[in-house]
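Labels A, B, C and D are assigned to the chains in the order they are written; within every chain, residues are numbered from 1.
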Amino acid sequence: MTKRKIVLAFSGGLDTSYALVDFREKGWDVVTANIDTGGLHSGEADVVRARAEELGAVEHHVVDARAELYDRVITYAIKANYLRNGAYPSCVGAERLIQAEKVVQVALAVGADAVAHGSTGAGADHVRYDAVIRALAPHLEIVTPIRDERLTREGETDFLRSRGYEVSEKVKLYSINEGLIGTSIGGEETYGSWEYLPESAWTYTKSIDEAPEKGVELLISFEKGEVVSAVTADGEPLPSENSYDILSALNVLGGEHGVGRGIHMGSTMVGNLARVGFEAPGMLILIAAHRELEKLVLSNRQQATKATLGNTYGDLLHEAVYFDPIMDDFRAFLDSSQTRVTGTVRVLLHKGNIVLLGSRSPHSLLDAATRSGVVYGHGSSLWTGEQARAFAHMYSVPGAIQRAAAHPAE
Amino acid sequence: MTKRKIVLAFSGGLDTSYALVDFREKGWDVVTANIDTGGLHSGEADVVRARAEELGAVEHHVVDARAELYDRVITYAIKANYLRNGAYPSCVGAERLIQAEKVVQVALAVGADAVAHGSTGAGADHVRYDAVIRALAPHLEIVTPIRDERLTREGETDFLRSRGYEVSEKVKLYSINEGLIGTSIGGEETYGSWEYLPESAWTYTKSIDEAPEKGVELLISFEKGEVVSAVTADGEPLPSENSYDILSALNVLGGEHGVGRGIHMGSTMVGNLARVGFEAPGMLILIAAHRELEKLVLSNRQQATKATLGNTYGDLLHEAVYFDPIMDDFRAFLDSSQTRVTGTVRVLLHKGNIVLLGSRSPHSLLDAATRSGVVYGHGSSLWTGEQARAFAHMYSVPGAIQRAAAHPAE
Amino acid sequence: MTKRKIVLAFSGGLDTSYALVDFREKGWDVVTANIDTGGLHSGEADVVRARAEELGAVEHHVVDARAELYDRVITYAIKANYLRNGAYPSCVGAERLIQAEKVVQVALAVGADAVAHGSTGAGADHVRYDAVIRALAPHLEIVTPIRDERLTREGETDFLRSRGYEVSEKVKLYSINEGLIGTSIGGEETYGSWEYLPESAWTYTKSIDEAPEKGVELLISFEKGEVVSAVTADGEPLPSENSYDILSALNVLGGEHGVGRGIHMGSTMVGNLARVGFEAPGMLILIAAHRELEKLVLSNRQQATKATLGNTYGDLLHEAVYFDPIMDDFRAFLDSSQTRVTGTVRVLLHKGNIVLLGSRSPHSLLDAATRSGVVYGHGSSLWTGEQARAFAHMYSVPGAIQRAAAHPAE
Amino acid sequence: MTKRKIVLAFSGGLDTSYALVDFREKGWDVVTANIDTGGLHSGEADVVRARAEELGAVEHHVVDARAELYDRVITYAIKANYLRNGAYPSCVGAERLIQAEKVVQVALAVGADAVAHGSTGAGADHVRYDAVIRALAPHLEIVTPIRDERLTREGETDFLRSRGYEVSEKVKLYSINEGLIGTSIGGEETYGSWEYLPESAWTYTKSIDEAPEKGVELLISFEKGEVVSAVTADGEPLPSENSYDILSALNVLGGEHGVGRGIHMGSTMVGNLARVGFEAPGMLILIAAHRELEKLVLSNRQQATKATLGNTYGDLLHEAVYFDPIMDDFRAFLDSSQTRVTGTVRVLLHKGNIVLLGSRSPHSLLDAATRSGVVYGHGSSLWTGEQARAFAHMYSVPGAIQRAAAHPAE
């Protein structure tokens, strides 16, 4: 009789190592899937593979999901200028959705009976995983001992050691999650609301003090709202072979100049408040530059409507509302809005600051007005003083009527 | 026969100096009104008065409108976290509305037949003035030669000199407008979109380079969304005798640390794009701190709805939609939303950065969750693993149905 | 030793009858609470009490919650013109929230250890009950066998008969829920989307065919958005002793004229689609009249913003988002918006139609415009032809610039 | 020397007849353009042509714009379910925009120097005309004597008679404007807010009294949100050769059954309140049917967001915001939202009522839920009682925390 097969989203950490052995002992053939959304450092993929093999996986899959994460998710976050609660380039939520999709794809490819992930039930990641799995493959069983049994790290460690596997002694002070979008940092200070993270907690960005005295100026170019190049004022282009390379390079360059740190505070899907540090220089730079270009080419109505719809879009994605067709409608709106968002933005990174120096576009509203006769700063040949006066007069009519309605007795 | 009386909003500049003499020659008794919304430096009020008397005003009124501007307008801008186009503490628009109200009040008090202002027809200020005047006092004539006749500075200068009045030779490179909310700076670089303002153009804020190496930490406290105190980490309180004193002090302190510069780009009421530099450290600091406190005490729905309504509110005010009763409704919403926005925020001003270090409040959602059994970072006694699993299951139902509806043949 | 005490929301139906006996056998002292939100016909309260006593309740409470339902919920539904999915005066959801509150109040008053309700887990009512109970009294145990054990009607009937209690034989073809707001009707036709309810399924409204040939005209008056009187064109006032009397009377009068039937189709809180018939003449009439009066006195911006916020408010209430402080903020907005909604509306009920004949108000915008010089239908003395022409000219500027920006090469 | 050429939007009425002769006398070659947006009855086009020739037009163009009005404007009004102020199928505004476009096209085709229209300055039509003309052809002069000179009907009549032209004696009691979308009716009763139009004022719809005792049932089918067929229950299809034929046929059939009358009251672009009767059975029927189908296939979020965006879209179109690129973005959103809006709706027209009997679609959410295990009305195999209970528990968490935050001392 063939054994039942389960695909486990596997990071090589304690929780998923426990799960692998536990499943094996319960009679599953365990296929491990290591999904890279930007968090794997050089050489780490091999370490994870070796651990999977050591713990008895029958197959190990490595899926590079970075391009898909960038192309399908991050581009829309930029088009939407989405920052959760106005500040946080939502790091973890979107990655989980893509990871869940990839795990399902592996499961369908290997003909698995079940999928497993190591999320706890304390946060929202387990909901994201399950929402994607159940919609895409309702026939797959979902196995989640870490969540369902509320296992402790001590229990998991004892279990693995009792089977002869080594478990690292070191207890990390901060819980770190790395990805293309950013790095999140949780620890004692972020469990309350009053303390800031100490310098030692940040992983790669420099402090304002340590950032160089001299900033770096960049020319960032967009075509229909998508980043196509970034060049330093010295003419040095940032790498752009893969769609996500400019973002990755800006994470490094921004971090060097003290850009990208923050602490996010906001409600989770479950309804409690969370607070977490983050380093995300690239996303903050790209969104700032993109928004500046939009000011040059979009109407006020577009900017205001985009702000509201884009925020809703991002929040829904964060909350795993992935299959509601409204998401397609929002993307159609965003794509349409980017028709004219082509041009270049001058950005200075300096001591933690992102300074927007200037911008230009073939669809510049400043230039269009000039061609139409309104030369900003130098008056207009489009209207006379009498026409301006008449406009002000007519513009005052609604307010005058409203005020008269408020005072019927006058 | 008594002469007809006109009240002129008077700044002592070239336009209104011309208007004063022109009106007098046309047979008006001219009453000048100098409205202070924060732009008068020490001693300037006297200079303006002397000029009005020199040019022949029959009466001169000085109106200190700072408290009213702060109490009726700025407090709501902070409650709404309003930044025009997401960046600009709308400096000039709101001031004009208050100035227009004050001019009307002077006109009614002295029994004038007309009011006058020196706005040109190129921008939006003339619309703001007229909208307020016509709604509040439809019987008053509005006299605006600068707009209606499109007068030039040369013509005005010749006119005044021909009557024997001195006119300053110096031509200012930048057009500066100062007020409580901020200082706006227009000039050659801002007439296009590509250039940044040179160091010499900024009026009082320091550059990032010149800002002190060591930042300053502040504790800013709010009660129901209104700023009540600001104290440095050393225990030094900022002045707070008048309601607007903390804002004024933060303008100085923030500027000292390189905080508050920016260039705003956005459509005017007339429909063309404008670009203007600004220095507004105080508003940027207060809004950043206020928003941080809101994250600690407001629900996600409140924050998202406030962002949209607050932006609409601010834009309408900017566009002189002053008498539409929707403005009262927005204020009622904002006031209600501030019920729990009481607490203190830790802010670091450092080399151009506003760093939000932490916050606390009796209405903290973090503390409320702890009291309810959800201790952030340390799990929850409010639900079991099985309940979390069931929640994820139920949460996946809508998406699963939506996906099934998208694929009727499956 | 004292027995533990449980308060059961009791309707006298099969589910709660079963629960009462079941609880008693499990050792509880059972206190029954019959909450009237408009669904009790004359004499029914006594029948319910007798049944509770027969089945062994230690105490029985009757709570008349109609005034509270009207004053706290229905008035805001009218102010918001709330119809779920644009058509349905949300009947059941709001009633459940008030019922849950009342059950909690009884439980606190009698010092109970637990509360119980008979909702199944198929719909959303059980979520509404639990959401209210857990927020208001987290220490109370919630006991819900009908939901948790998925009991069947057959099993419950057998259980009760085996204890010697009578259970009615008649199987109802339609599931009916009556209340002040309306009556909902579910049955075979509404379980699919294609069939309409047969004539026999409706409970008290007349068909279009059977409605009288001659309609009835009413004058409905509002003060600050609240209904204060309704009088027929013959001068006959509808009863108005209790705040909800006019609504109740309009349910009868509207139903007589074929007004108020409909079938609602919309997603539930759980995410599946529901379809249900309803009869709600009173709410449909009051909302139609109220909206007509708003058109006379509110600005376009108020109407548009109210429509969006009011819809969100109603949907959140329907979804039991009862304790989010945004709900207070929405009510503050709605209250403010009603400042001028005072006046009278002429309404004709005729063969299923609600015809809005006319309206008047001291805050009429038509009258205010006339006082300001714009006599609708007879031209305006407020502006000249040249001013109108100049306004059209200026109004065309943004579009002309936008079009120029779209065609940079022209 | 060649004479300058002007294109006049020509209806054959008094205003444009006056303009034609006036222009000719002022030395213009006058080209008349009669744009049909659905208001021309059989034979009327010839009458208009004859009048143009009689009055001296050098060329006369007849442009059938019905298909373009339907395809470019009306389809989106239906997709958006747009009713101005929730009630009025905006009749006149959209027609004017299309008419203005067509007049510009004629002017460009004949190489004209100017365009002319006969709108007065009292309403908003003149703004719509000018906004379109100036954006599309800024080089064309706009000539509008009726607006600019505020001419009276008496003056125009005298002018024409003095040149020997006949002018009809009859004074119309009601100002009627007919088009594909509907017919608007203004007159003494609509100039105030209290009176309803008398039976004699309506042009073709029957009263409720006169409508047949027996209604007519229709099956209306949509594909991706566009009407593709309408068939009576007897199997009689409505004509559908041209895209607008079903709408036209429904105007007739609905009017026969007393459907489609109403009085619209709402603010104009200029800021005063307008009130006008209308007959628009077809649009009201199609929008009602379309919205019913949407309830079967769209998510709640789609419906709610569409309602807000669709209303904004329609209002902006009504207000001639025709060239703002946000309009393309709204259409992209609407098109995307219609992906699943395919299916058939059963509608009964009866004594003024539009009764929505039922609907079906391959994308039915009811059917998708059934396939997923949630059989509406018959319970769900998708979740257990315990899962339902756990969901209610988790759903209560945010409210419980919010309430705890509101009462910090408890």
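Basically, a contact is a pair of C-beta atoms (placed from the backbone, for glycine too) under 8 Å apart; a residue touches a chain by one contact, two chains touch by 3 or more.
Note that the structure is a prediction, hence the values are computed from the model and not measured.
Steps from subunit B to subunit D, minimised over paths through touching chains, total 1. Over half of the residue numbers found at the subunit C and subunit D interface occur in both copies, marking it as a same-residue contact. Centroids of subunit B and subunit C (each the mean of its C-alpha atoms) stand 42 Å apart. The distance from the centre of subunit A to the centre of subunit B, with each centre set as the mean of the Cα atoms, comes to 32 Å. Subunit A and subunit C, compared by their mean Cα positions, are separated by 41 Å. Multi-chain contact residues of subunit D (touching two or more other chains) are listed as 138, 267, 270, 272, 299, 312, 321, 324-325, 340, 364-365, 369, 372, 374, 383, 386-389, 391, 393-395, 397-402, 406.
Per the touch definition, subunit A reaches subunit D in the complex via residues 138, 267, 270-272, 298-299, 301-302, 305, 309, 312, 316, 321, 324-326, 328-333, 335-337, 339-340, 372, 394, 397-399, 401.
Those residues of subunit B lying in contact with subunit A across their complex are 85-86, 120-122, 126-127, 129-131, 133-136, 138, 144, 147-150, 186, 188, 190-196, 208-209, 213, 215, 262-263, 265-267, 269-270, 272-275, 291-292, 295-296, 299-300, 303-304, 307-308, 311-312, 315, 320-325, 346, 350-353, 355-360, 364-366, 369, 374, 376-380, 383-389, 391-393, 395-396, 398-400, 402-403, 406.
Across the interface of their complex, subunit A is touched by residues 297, 299, 340, 362-365, 367-369, 371-372, 374, 382-383, 386-391, 393-395, 397-398, 400-402, 404-406, 408 of subunit C.
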